[in-house]
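Paired with subunit B in one complex and with subunit C in the other, subunit A is shared by the two complexes that follow.
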Partner chain A sequence: MSEIIEIKNISKEFKVLNRHEGLKGSFKDLFSRDYKIVHAVDNISMSISQGEIVGYLGPNGTGKSTTIKMMTGVLEPTSGEILVNGNVPYRDRAKNAQDIGVVFGQRSQLWWALPLVESFKLLKDIYQISDDSYNSIMKLYKSLVDIEPLLHKPVRQMSLGQRTLSDILAAFLHDPKIVFLDEPTIGLDVSMKSRIRALIHALNKEKNTTVILTTHDMGDVDALCRRIVIIDKGKMLYDNDIGHLKGFFGSYRTLKIRPSGDIKEQSEKLKNELDRFSAAVSVDNEWISVLINEEKAKVMEVLGEIQKLHDVRDMKLEEISTEDVIKKIYEEGVE
Partner chain B sequence: MKIKRYFALTRAGILESFQYRLAMLVMIAGNLLYLTVVYFFWKAVYSSSGSDVVNGMTFSDTLIYLVLATALFNFMEMYTVWEIGRNIQSGKIVLDLLKPMRYRSYLFWSYSGTLATQFVFTFLPTFIIVCIATKGAVPLGTNLFYFVISVVMAVIINYAVDFMTGTICLYTESIWGINIMKQVIVLLLSGATIPVAFFPEGMKKAVGYMPFQSIYNTPLTILLNEKPDFTEVFKALGTQAFWCAALLILSSLFWKVSLRKITVNGG
Partner chain C sequence: MKRKGFRFYFRIYRKILAQDLKSKMSYRADFIISTIGMIFTNIAGFVSFWILFRSFPEVNGWGYHEILFLYGFSLISLTPVQCFFDNNWSLRIYVYSGDFIKYCFRPINLFFYYQSEVFDVKGLGQLAFGLGTLIYSWNRIGLPLTPVMILKTVIFLITASLIMIAVMNAAAATCFWITNSFYVMDLALKFKDYARYPITIFSPFFRFIFTFLMPIAFIAYYPSLVILRPDEVPLLSWLSPLFGCAFFWLSYKFWMYGAMKYSGTGS
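Right after this comes the complex of A and B.
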């Protein structure tokens, strides 16, 4: 397998004006030269092989988009090196653009007023796709999704799901080596989400396209990614197999309890009572969840303790989900 | 083959502007309204001056000039500044930057379709009506040929000025004030609102060193010149060509330098 993306120690700094509060402060800002340096991305390295699907995760505002913008060539890194398919993206942006496709879940690259097929034709000319490859990819699309009814529909009349689907197809149209998907399933219903995932999976398989997937939906990660990269505050936290992730924090399990009485009240009590087990207690409308690290406490012990103090009406035991692990990483970092 | 991608964008632009039929009607109506204002304003100017010829132009000269200037404006106005500013604010600019084309040409050709429709639906009808209504006051000879060349260069100069103004939005992240300022400066100094012949001597001279009059004044002067003197026309076209080249290079450099500063919203 060849490396398609090589990133070595890249950093990106932004100069931001220190804003002051209030009317007087804002007036001062007009003449202020008081800048602070924000390290949006701080010394990140990774290499990605052709055909991989990599989940690129991190809390909001931690430099994910900045990294992607550097990989696509929109931003120039302050320091470090990037090679995308042998090109330096910010130097050969137009050349690099020919090798990559992009989908931003919140924006569309399609021509708003025109039927989808016109957008496709336009992209065909812009990316100089030959008739043969265009026809063959359209054939592939027709075998994967029911595209016919969409083709003659103006994009502005599409539902969000249809539009996202179309945007993904548009991004793969010129057979790019790499496709960046930035929150492709945001705002979609469950069935549309699974259709989108199936489509991405199929396109990756069929075309051996490298996919970099940014998302906050762990369902996407579980369904698509074998490898995940997590960054927080601009720094790399984790880069490994998804299987490795769960063992990473020791063996966690979630015990779900439904006590009698007011669930919120009970959970507050539990928090104090379970303090010595160092278990994390959270609550939703139906269940109290107790996250237990089995290296520190046995699940049965915790359950016994709870039964002694509360009247438990129902319980179930869950293996830790990717979502919980990621949440833990976001909140506590990697030790 | 490469040229095909540009015309593909033009085609899409034409298709798009046909999607908004009402906008087209409003554009034509607005055009008429403005012309009415121009007519009464200059009528008042001429009747209060007491003579038929002001600054070497008769009332009908001035009117023809301004009507055609308005038509030219409606055809050439590309709202590039708005477009760039809006794209920066919304972050959509990232998607445009990721096309395998230079942003400046991508944006221009994306708009060229609208330009073509505007030419057919505002400039041409106005021009024909003026020709018929004034019964031959507009000469129809070789000047038309020079005029077309001149207009093409005017479009390029106008676009380059717009593009540079739009680039400023990368720094300010606001559009409104900059756009209004640009519009006022261009419309005044280009001779689109008041014929350059009406300017005081000093200002006329200053304007001569600026690119703006190449946008409206030059093509209109060429068009309305009955007996085009070759050297004169050649000089005017030469000046335009100079500004074309200078502004294209300048706007390209300015954009390159500015793009490094770009932060892009939502990042």
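Right after this comes the complex of A and C.
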């Protein structure tokens, strides 16, 4: 397999003004030369092969978008090297744009007022797609999704799900080598999420397109990615097979319950009662959270025990979230 | 990959334009109301102009019809900026919200791609008003209708349009540095009203500003001299096509510089 993206020790620094507080402070800022350097991305290296789907994870504001912007050529790295399909993105922005597709979950890049098919035709001209390739990709689209009702609908009249679907189709239209998907399933309902995931999966398989997927939804990662990269505070935290990480966090689930009576009191009681399950109990204003390691205790057993002793008004079961994973990696390490 | 020359961009623009007009027609009420609004704005402009000239039949040696000529000339030269560069007004919103980044991923010229997105039909009403005024005053002044005169008029109209576009580009591009460029653009648009008057009525200080810093004197005054006062054309008038191209190019570079510097808000 050939490497399609090569990133070597890139960093990006921003100069940010040290803000002072209050009105007087704001006035001071007008004349201030007091800058501090923020390391948005700090010495990250990775290489990605043709055809891979890579999940790119990390909490908000940790440099994910900055890295994507450097790969797409919008930002120039402060130091380090990036090669995307042999191009230096920042220097050959237009050339690089021909090789990549970009989708932002909440920002449509299609022409707002135009029916989808007209947007496609404009993109065909802009990317100079030949008639043959255009027809064959449209045929592929028709076999993958029910595209007919969308084609003649102006983008502004579409639902969020339809728009995201259209944006993804538009991003793959010129048969790019790499597609960047930034939270493609954000705000969508469960069935739309699974349709989008199936579409991305099929397109990746069919066209062997490399997909870089940014998301907060572990469901996306589970359905699509074999490899994940986690960054936090600009630093690389994890870059490996997802199975490797799953063995580590996959066995944890959080049981949330709302008992009747004083929630604080009840949680204190629970802590003692659940001692033998070695489950961690924490409490906030609404829910008591019980973190269960399924290798040591079954969720249903714990729930049964709680129900015997307490009057449970409401409960829900949560998979461990990206944020929890990162927290755990921080606290305990993975390798 | 084929080279992307003028013809490539022209074809894309034509297609976007055709699609855009089609979709504009679907907002029928909006289309009609904004056309009526445009007509009234122009009529109001005329009325205030007419009232002013009932009291002062002459301004600094310029007669009523000559001023009317300047007025029509400036209206026509405002048409291209209104029709083709209207998206400049939305630039600050795109930049502020971070949506501007979506323009950065296409393999075509960023400035072209951004401006091509909006075509404002209302500009055509202004063009009709301007043409009417120009033809009327042309007749009244008794200018000869020779091919050379028409050629001169066309060249200097293009010059004036380039200047106006340059001013608005530069004003819009300030939003890459400041949060709200609306006031800068509004100011620029207000200044263009001064373009309708002969620059000689201003003090030397403002004459300098309007010639070199805010080059609005090139929108109507300097070009019109060539047509109205062929005996006393200053060098600046003959140079104005050059100035037009230069200012346009500078504003384009400034706009692109801002866009490249722009990094988008986090998402």
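Here is the rule we go by: the second predicted complex is superposed on the first by the 250 of 335 C-alpha atoms of A that agree within 3 Å, B and C clash if a C-alpha of one lies under 4 Å from a C-alpha of the other, contacts with A are read in each partner's own complex, and residues count from 1 in each chain.
Note that in this section a contact is a pair of C-beta atoms (placed from the backbone, for glycine too) under 8 Å apart; a residue touches a chain by one contact, two chains touch by 3 or more.
Computed from a prediction, not measured in an experiment: that's the story for all the values here.
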{"item": "Simultaneous placement of subunit C and subunit B on subunit A, clash or fit", "value": "clash"}
{"item": "Which of subunit B and subunit C A:104 touches, first, second, both or neither", "value": "both"}
{"item": "Touched partner set for A:148, first subunit B, second subunit C, both or neither", "value": "neither"}
{"item": "First, second, both or neither for A:75, with subunit B first and subunit C second", "value": "both"}
{"item": "Which of subunit B and subunit C A:286 touches, first, second, both or neither", "value": "neither"}
{"item": "First (subunit B), second (subunit C), both or neither touched by A:131", "value": "neither"}
{"item": "Common interface positions of subunit A, toward subunit B and toward subunit C", "value": "65-66, 69, 72-75, 93-95, 97-98, 100, 102, 104, 106-107, 109, 111, 113-114, 118, 121-122, 125-128, 154"}
{"item": "Complex contact set, residues of subunit B against subunit A", "value": "1-2, 4-5, 8-9, 11-12, 15-16, 19-20, 90-92, 94-95, 97-102, 260, 262-264, 266-267"}
{"item": "Footprint of subunit C on subunit A - complex, ascending", "value": "60-61, 65-66, 69, 72-75, 93-95, 97-98, 100-102, 104, 106-109, 111, 113-114, 118, 121-122, 125-128, 154, 182"}
{"item": "Residue numbers on subunit A that touch subunit B, as the complex places them", "value": "14, 40, 65-66, 69, 72-76, 93-95, 97-98, 100, 102, 104, 106-107, 109, 111-114, 118, 121-122, 124-128, 154"}
{"item": "For the subunit C and subunit A complex, residues of the former touching the latter", "value": "1-2, 11-12, 15-16, 19-20, 23-24, 98-99, 101-102, 104-109, 117, 263-264, 266-267"}
